[in-house]
Structures are given as C-alpha cells and as structure tokens.
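Listed below are the structures to be examined.
The following pair of complexes shares a single chain, chain A, combined with chain B in the former and chain C in the latter.
Right after this comes the complex of A and B.
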C-alpha cells in the first residue's frame, strides 16, 4: 500500500504490552483516516456501555492520509473515544507537527487501552515503545509539558500530545494539546487523565511513500499557490475572529449565555479591533501555507504577558457570551484555557451558565470562594476577572464552583437543580451534553437541525449547516422540506474534510469554488496520487457518508434514541427580545418535522435507526449485524 | 438617493473606514456599487472585489438592511433610498 503502512499499534497502559494489528486495504478505502478511522477503531475496541472515564474506553488516534506529504493543510489527525460529556462518540481533530511525526513512525494509528497506575508518557520511537515516568510533569501546562519533554530528549523532532492540569483533574471539558493546536470538544483530556496518560511523544524517522510523487507534488504546488491568494486572504489577515461583527449584525452572536444575539460592545471584541490593538503575530500549522492563527498579546495591565490564539469560537464563548468587553481579560482567559488544557468553547459556555445563575440569584458570591478570593467574587456578566479566575478554578477543580463547572454545563445544571430545586436546565446551553457553538440557532433553522442531529452534540464544524442559512441560500428564519437533504449534505461534506483530514479553509483553493463539484475531483486526484487508488467524485462523496455513519452507529450501540436529537430549552421556548433574531424560536413542531425529513434523507427509519441494507451498501456489513434494523 | 455602506473585515481595512455614505442616481445597481467601491478603494481589488472590478470575491457578500443577503443573481437589482448595505465576509469556523 502507498500512503499507509497497513498497521495499527495497540498499547495497553495497564499491562504495558503492545501489539500490532494489520488492516486490509479495503478497510482503509472505507475509513480513510482522521475522525472516520479513529471512530471506527473506537467502534472495534471499546467495551460497549462503559463509563467514558473507565479503562474500557480506548483512546483511538488515526492519522491523516496526507500527513507528511506535500499536500497543503494535510498535516492533521483524528482522535476518538467515548465522550465523558455526551456518552456518545467523541471525535476530534488536530494538526501540525505531531501527525507528521506520527506518519514517519510508520504507524497508521494507535489504540490506547486500559489505564496506568502511575502517570506515564508513552514514547513511540519508530517501532520502539517506551513507558516513561511522567510524575515530574504533573501540574505543568500543555506548552510547558511539550517543552519539558523536548528538553528531556534533547531532540526537537520528538513531538508530543499532552494534557494540562484540567485533564489531570478529570475536568470533562478538558482537551488534548499538540504544537499549540487542540483536539478539542467532547473531553478527550479527561479520558487521558483517567488513564494517567500525561503525554504521548513520537519520533518518526521513516519516509512517507506515495504512489505518484511527481503528480502529488504538482497538484500540491497548484493548491499552495491558490492558498496564498484571495480565497484565504480573510483567514491570513484577520482570522476567524472577524466573524464577531458579522454575527453581531445578523443577530447571531451569543451574548450573555445566549440571552441575546447582539452585543453592544461587539466592536471592542472584534477581529478588526484585535488586528489594530492586540495582534502580535500570525502562525501556521505544519504543512499549511495559510497561517490563520492570530495571536493576541497583552502588553500592559494586570494581564500583561498573556498571549493566546484568538479564534472566533474562543471569542464568543469567553467574551460576548460572558458579557466581557475587555480584550486583555479575554486573551488571558484564552491563554489559561490553552495552557490548562481546557476547551475554550465549553469553558466559556459553562461559565456563562454560572453567570446567569448568579444573575438570577441561584448562586451568590459565597459560591465562588477560592484561594484567590477567599470571600468569593461577584460573578456578574461583564466581569472579565471572574471569567479568568473561573478558568483557573475549573482546571484545578478548586472550590465548590470549580468542581461543579469542571463537569460541563449539562451535569452542572442537573446537579444544581437537584441540590437547590431550581430550573437552571432552561439556560443550560448544550446538546447531548456538548456546549453550543458561536451561532444562535433560533434563526438558523437548517443549522438547528444539524446541531440537534449531530453525532457529537452541538458542533458547528461537524454539521456546517450554518453556511446555507447565513449566506441566504435558504430562508434562515423558516423551515421547509429541503432542510433534511441540506443538513445531510452539509454534514457529509464536512465529514470528507474531517476524514482526510484537510483543513476546511482550503476548500476554495482547488478550483475557486468550495462546493462538491469544485473540490471533489481535485481531492480524488490527491488521493489517487498518494495511494494509487482510482477514486472519483462519487468515491470521495462516499467518504463523508461513511464517516458520519460509523459515528452514528457508535451512538446507536451506546443507546441513542430519537429524543437525544434535541435542542437547548432556550432555543425552543425563549425568543430574544431585541435584534434581527427577536421573536424567533425553533418550535417543537418544527424540530420534529426537521428530524423526520432528515432521517428520511439519510435513508434511516422514522426512529433514526439505520437499515441493514443501508449499512451493507456502505461496506459496513459487521456494523449492520450489530445495529442494523 | 442616499445609501449607507457598512464595511466589515477586509473591506474595512482596505477602505480605512467603518462606514461610508453614497449619493447615487436612481436605478444604480448593487453591481454598480461594487464598481464604485473598487474605484474609490483600489486596495479592495484582488481580495474583496475580483480583478474584473465588478464582482465580489467569495465569501464577501452584501447584506441589505440586516434582512437578507444579495445573491449573485440579484446584483443587477437596485437599492432604495435610505437602504443600509453591509459588506461582510462570511466564513465560519475557528
């Protein structure tokens, strides 16, 4: 095989044994890599029904097909385990040097089983595996950990994925970090922590063998040239944070825990403002010619020295959604999340839930006692220092509030409602337990469906259905019979990129058009030059459907039912009072209709289950045996 | 007629202004407004506006009065006196 080694490495942390599994070429043609292959490995290796923080939940890592090759933005990998937030599939993606090193080891992926009794750094040095003591790394932030490991080896070619204190303390909103990038959402950091896995370090020295190097180089160069042109200009100059003003204008910017869709100080937290006042530099992942990461730096005041990657999703969550208009506090909060190993989105949304609890008198100042503020603090919306402090408390599970919020919004609200007889679930903004993204879905009806049906919960990246809504391709304020097909189409489109994986910011750089017709033939050429296969438009299109299907199958086997495809109470029953989105909700009737037409478009039953023949047609016969109807 | 154009993202950087007012002849189309912006702010050509000077570079798009996006096949339509156009660049993620 070209592009793959055909080998998956299994590592048991409890017994410290390793073994090699060979996979046939047809398996790779179906699952390809990234989140699809990682999810498939999870399907094959998990103890069904296990507690996500138990040894039975494996960490599955699958490399990208283009990692280590010249293909621009192809330096990515996927990670999957059962999510401690949702209880369903937790699939994430990250990129840069770690997957390049992984590719050069010669392994296509790893499955990490069991749990260690001592903190460990698993070092994979090509085909040698070493279990190294990691106790001296405990408490270090993610960057500190990576640097400490690099110094230990005296080799900057050793690349590490690590967790910070949040993962060590089993915060369910913890992530995994490598090269400053994050395998975020869904709580992988807690899964690593439950196994006492502080780091996974890799040194790979093998070359990457591809079928047609000359063609791959030529195709890659053409894409690279396009990626430095107008199609990516916005990302290069302003980054994703330029979406703040767009969303604010459209009444979609989550504000004060989604109570509003417009923020009066949006200009002060915009990408344009960042660019003018706080931007230090832009940086790029390995294999990336775009360099979208806008790094913000605070040079004076109480947060001087804070330096963090300011993305739109981090911004809405930790600024407007918490009512905060101070960039220094926001950059400090982002820096904290990055270094503590916390997901910025889940952190911000969980904190904003707590702030609303404070606003409504459910919480008092005393509930926020911590070492820094022994008498507690006023956690009102707009208090940037409160947000900064709460990120510290969550990562360390400090005090009542830190321990509570480390559980994520769903569990925190359930606990408080149980303890205090309140109804805070009404402003707990999550789907399946995963905190909501930076687009208020009350007036994005296709997107609302995509989020509700999302296999990993409220994830904008997995559904991508905001695109037709926001761009006006459909009427975002209403529902019609096209939305089921549309939600299917956008989620499977996104799944192709997440499976290869390729960064979606490259999508206009193949032919100038981001749609399937513009991208799939070019992607087929890249796959064929890498592997020697004969993929065409239809084969590329199937990648997305298969990727989505294996994740859905995983969820069904873990007990998913139609009722799990829900929306937050607020989006269904509490319309905004002002702004372009005022007066709208997604009604019960709309949501149930949307689910009906979506399941139909997917070829599933009315209950959202997958017919056996559908799975067999996708080449998933063994999956059909287990969960097909 | 007088309309206002609010500039976000790259168009704001290119123009060095958050908002401009335009006094236009009746019947001026959205495409004419793109041409006018390109003439007035040449830095927009090549990133916000395509090299032809009359087509917005995807994903830049006009929003009319915070109500609806102006699609490619609607660029020949005309705004009305008092309308507010927002030139935004939509692409989610992060």
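Right after this comes the complex of A and C.
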C-alpha cells in the first residue's frame, strides 16, 4: 500500500499500554483519512452513550492522505471525539507542521483511550511511545507549551499539539492547538483536559513513499502555480477577513449577538483596515503555497504586544457580534483565545450572549466580578476590555461569569434560566450546542437547512450551503424544492475536502472551476498518483457521502432525533429591524419542509434515519447492522 | 547572524517573502533521495517566532571551514562554483563538518548516515529545484554582491522616485 502503512496505533492513558491494529486496504478506500477516518475510529472505539468528558470517549486522530508530500494544502489531519458541547460527533481539522510530522511517524491513525491520573505529555518518536510527566507545563499557553517541549528535547523537529489553560479547566469551548493552527469548534480541548493529556508530541523521521512520484510532482507543481493566480487572490492579499464588508453589505454580519446583520463600524474591523494598520505578516501552513494567515499585531497602547491570526470567523465573533470596533482589543482577544486554547467563535458568541443578558438587565455589574475588576465591570456591547477580560475569565473558569461561560451558550443559558426564571435561551445562538458561525441564516435559507441538519451543529465549514444563497443561484430569502438536494450536495462536497483533507481554499486551482466537474477528476489523479488506486469522479464523490454518513450514523447511535435538527430561537421568531435582512425569519413551516426534502434527498426516512440498504450500498455493512432501519 | 563573504552563488531566502510552507524541503529531499522527507533535505526551513520564517542552505563560504574540518578529506570545494562535494566513499558521518559550519546547513542523512550539503542541483537542467518550487519567490540563487546591488537600486528608487 502506498500512502498508508495499514496500521493504527492505540494508546491507553490509564494502563499506559499501547497496541497496534491492522486495517485492510478496503477500509482505507472507504474512510480515506481526515475527519472521515477519525470519525470512523471514534465510531469503533467509543463507549456508546458515554459522558464526553469520561474515559470512555476516545480521542481519534487520522492523517491526511497527502500529508508529507508536495501536494499543495494537503498538510492536515483530522480529530474526532464525542463533543462535550453537542453530545454528538465532534470532528475537527488542523494543518501545518504537526500533521506532517504525524504522517512521518508511519502510523495512519491514533486512538487515545482512557484517562491518566497525572498530567501527561504523550511522545510518539516514530515507533517508540513515551508517557512523560507534564505537570511543569500546566498553566502554560499553547505556544509556550510547544516551545517548552521543543526545548526539553533540544530538538525543533519535535512538533506538539497542546491544550492551554482552557482545556485544562475543562472549558467546553476549548480547542487543541498546533503551530498556531487549531483543531477547533467542538470542544476537543476539554476532552484532552478530562484525560489529563496536556500535549501530544511527535517526532516522525520516515519518508513518505507514493506510487507515482513523478506524476504527483507534475500535478502538484501545476496546482502550486495556479495557486499564485487570481483563484486565491482574496486569501493571499487580505485573507478571510475580506468577508467583513461583503457580509455587512448583504446584511449577514452577526452584530450584537445576532440582533442585527449590519454593523455601523464595519469599516473599522475590515480586512482592508487590518491590512493598512495592524498586519505584521502573512504566513502559511506547512505544505501550503497560498499563505492566507494574516497575522495582526498591536504595537502601542494597553494591548501592545498582542499578536494573532485575524480570520473572518474570529472577527465577527469577537468584534461586530460583541459590538467592538477597535482592532487592538480584538487582536488581544484573539491572542488570548489562541494562547489559552479557546475557540474564538464559540467564545465570541458565548460572550455576546452574556452581553445581551447585561443589556436586558438579566446580568448586572456584580455578576462580572473577577481578580482584575473586584467590583465587576459594565459588560455592555462595544466594551472591548470586557471581551478581553472575559476570555481570561473563561479560560480560568474565574468567578461566577467565567465558570458559567466556560460551559458554552447552551448550558450557560439553561443554567441562568433555571436559577433566575428568565428566558435567555431565546438569545442563545447555537445549534445542537455549537455556537453559530459568521453568516446570519435568517436570509440564507439553504444555509439555514445546512446548519440545522449539520452533524457537528452550527458549522459553516461542514455545510457549504451558503454558496448557492450568496452567489444568487437561488433566492436566499425564500425556500423551494431544490434546497434539500442543494444542502446534501454542498455538505458532501465539503466532506470530500475535509476527509482528504485538502484546504478548501485550493478548490479553484485545479481547473479554474470549483465545482465537482472542475475538481474531482484532478483530485482523483492526485489520489491515484499517491496510492496507486484507480479512483474516478464517482469514487471521489462517494468519499463525501461516506464521510457524512459515518458522522450521521454516530449521532443516531448517540440518540439523535429529528428534533435535534433545529435552529436558534432568534432565527425563527425574531426578525431584524434594520438592514437588507430586516423582516425575515425561518418559520416553523419552512424549517420542517426543508428537513423533509433534505432527508428525502439523502435517501433517509422521514424521521431522518438511514435505511439498511443505503448503508450497505456505501460499503458500511457493520454500520447498517447497528443503526440501519 | 554571521554573513558569508563568499564570491560564489548560494541559495538565499528573503524572510519578508518566506511564508514557512516547507515546500523547498519536500522537493529537495525528493530530488536528492527519492522520498519526501524533510529530515533528508539539504535546505532547511526555520520557524523561530510567530512571524519569523526563513530557509537556509549551504552558503558556499570561501575557504570553507567544513572542508578544512573534515579529517578524512571527504569534502572538497569546486574552485569555479564553490559547491562543496562529498566523497561518499571517504565520509564516515563523523559530523566535524557540521560543527564547523556557522550556518547550520550541513546534516547527517538519517538513512545513509553520511553528510549532506546543498549542491544547488547542479545536475538539474532548470537549476535549483527549491528555487523553482518556492511559491512566493523568496528563494534565489545569487551572490552577496548581486544582493547588494539590488538593495542599492531599491533604495535609490524609493528615495528618489518615492517608490
């Protein structure tokens, strides 16, 4: 087998035993790598029904098929565990130097079982596995931890994925960090913390052999050259934060906890403004010829020294959605999230919920007491220092508010409503417990379906359904019978990229067209040159359906029902008052209709369950046995 | 950082353009060893800070200290190109050359256990492959004198023409 070793490494943190599992080639052809293989490993190894923060929830890691080769943007890995936010599959991806080292260890995937009784750094040195004491690393930020470990070994070829204080303190919105990149969103940091796993360090020295290196090099070089052209210009020049002004213009920029879709100070938080005043450098993940990460730096004032990647999703969450219009505070908040190991999106949306509670008198100044502000502070929208301070409080679970918000929006609102008899759940912007992304879905009706049905909760990365809405291929303000098919098609399209994984920013660089016809034949050629397989358009397309299906099957086995495919209260019952999106909601009738036609397009039952024959046709017979109907 | 005073060409990296993608290491290791393995690359990327990325390869020093340091006379310097050649039959991987190199650009190949030094892909028709593959045109085969000329020209254009 080229591109794979056929071996999965199992590590038990409780017994400190390790063992090797062999997988047949057919298994790899179905699950490939990235989020699909990681989710499949989670399906195979979890104690069904377990508490996500208990030892029965494994951390599953899968390499990328192209990691360690020159295939542009292929330096990525997937991670899956049961999410402490949603109780369903938590699948994430991260890129750069760590996943490349991971690939070079020669293992295709890793399953970390059980929980350690002492803080541990698991060191995988090619074939050797060592359990190292990590107590001296406690409290260190993510970059500090990586650097401390490198220094311990005296070898900068040792690459680490780590958690910060947020993960140590079991903040449910904590993530895992490597090389400044994040396996984000679904709360993996808390799962690592529950296992007392501070870091996973890797030294991989093996070469990666592929079936047809000359062809792979030729294909890679063509993509690399295309990636310097107009197809990636948006990412190379301004990065994802170029979205700010576009989304604002369309009335989709989440503002003040999604009360508005337009922000009066959008100019001040735009990619253009960042570029002009705060950009320090553009950098890339390992193996990436695009380079999209715009590093923002604050040089003076109270936040001097702050430095972090400014992405659109971090921006909307911590700026417009909290009403903050000043880059220094925003860059400090992003830096805090990065170093404390907090998901920027979930942090921003949870903080904006707290700010709305303050705006509406549910919370008062006293609720925000902390060491820095012993009498509390005014947490009104627009207060950048409040956002910065709350990121610190969440990471450390400091005070009433830090401890509350570390639970994420869904649990925090439920707790407050229980304690105070309020209805703050109406302002809690989440789906299945995962905080909403930076596109208001009241006037993106296809996207609303994609988010509601999302196996991961409210995630824009797993459904690309905003694409037909924003491009005007459909009327974004209304629903029609095409949307079920579109939601299926876009989520499975995204799943192909998340499984290989390839960064989606390369999608136009194969032929100039990002659609399936433009990309799948080229991706098939890359897969075949790497593995020696004979994938074609249809086989590439199946990667996405299979990846999505294993995650859905996981959720069904964990108790998913049709009611779990919901939208936040606000998007259904509270129209905006101003801007291009004013007056719209997704009604109950619309949502139920959308779900009906989506389940039908997927070939599922009206209850959203998967027929046995569907699973068998996908080559997932054992899954059919367990959850097929 | 010590600067080479070499009259010879070598691979330089413009740190303001380098994004830390490592693609130079992939292509180098493949050209030299037939596998993709950054541990076997003759050019090495460095990520020393959130925004400090660069790549370094042999600087073709004049009177190269590595050649002088080799106790087995395995290293020799081409008098025309300045490229350091390694006689694999003589090299025993003792690593004296690594210690002698101020730039940290010599390594012992983990497979062959012999020293590896950038030869600027002198056998490749289209020159150094890392330069060809660098997506940001940060790498260049040049001499210190030519770099200085360019710096002077850039300065003049900026000062006189205001860009």
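By definition in this document, the second predicted complex is superposed on the first by the 629 of 629 C-alpha atoms of A that agree within 3 Å, B and C clash if a C-alpha of one lies under 4 Å from a C-alpha of the other, contacts with A are read in each partner's own complex, and residues count from 1 in each chain.
Going forward, a contact is a pair of C-beta atoms (placed from the backbone, for glycine too) under 8 Å apart; a residue touches a chain by one contact, two chains touch by 3 or more.
A quick note: this is a predicted structure, and the numbers were derived from the prediction, not measured.
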Chain B and chain C placed together on chain A: clash or fit? fit
Discussion item. With both complexes overlaid on chain A, does A:461 touch chain B (first), chain C (second), both or neither?
Written reply: first
- Task: With the two complexes superposed on chain A, say which partner A:157 touches: chain B (first), chain C (second), both, or neither.
- Result: second
Partner chain in contact with A:288 - chain B first, chain C second, else both or neither: second
Could you tell me if A:508 is touching chain B, chain C, both of them or neither one (first, second, both, neither)?
first
For apex chain A with the CA centres of chain B and chain C, the angle to the nearest 10 degrees sits at 80
- Which of the two partners, first being chain B and second being chain C, lies in contact with A:522: first, second, both, or neither? neither
Once both structures are superposed, the least CA distance from chain B to chain C in Å comes to 16
In their shared complex, chain A is touched by residues of chain B numbered 6, 8-10, 12-13, 46-47, 50, 57-59, 61, 63, 66-71, 86, 88-94
The chain A residues in contact with chain B across the complex are 230-231, 233-235, 237-243, 245-246, 249-251, 271-272, 275, 311-315, 438-439, 460-461, 464, 466-467, 470-473, 504-505, 508, 512, 514, 580
Contacts from chain A onto chain C in the complex sit at residues 68-70, 72, 75, 97, 100, 104, 143, 156-157, 179-180, 205-210, 213, 217, 221, 224, 227-228, 280-291, 295, 297, 307
Within the complex, chain A is touched by chain C residues 19-23, 26-27, 29-30, 33-40, 47, 50-51, 53, 110, 133, 135-136
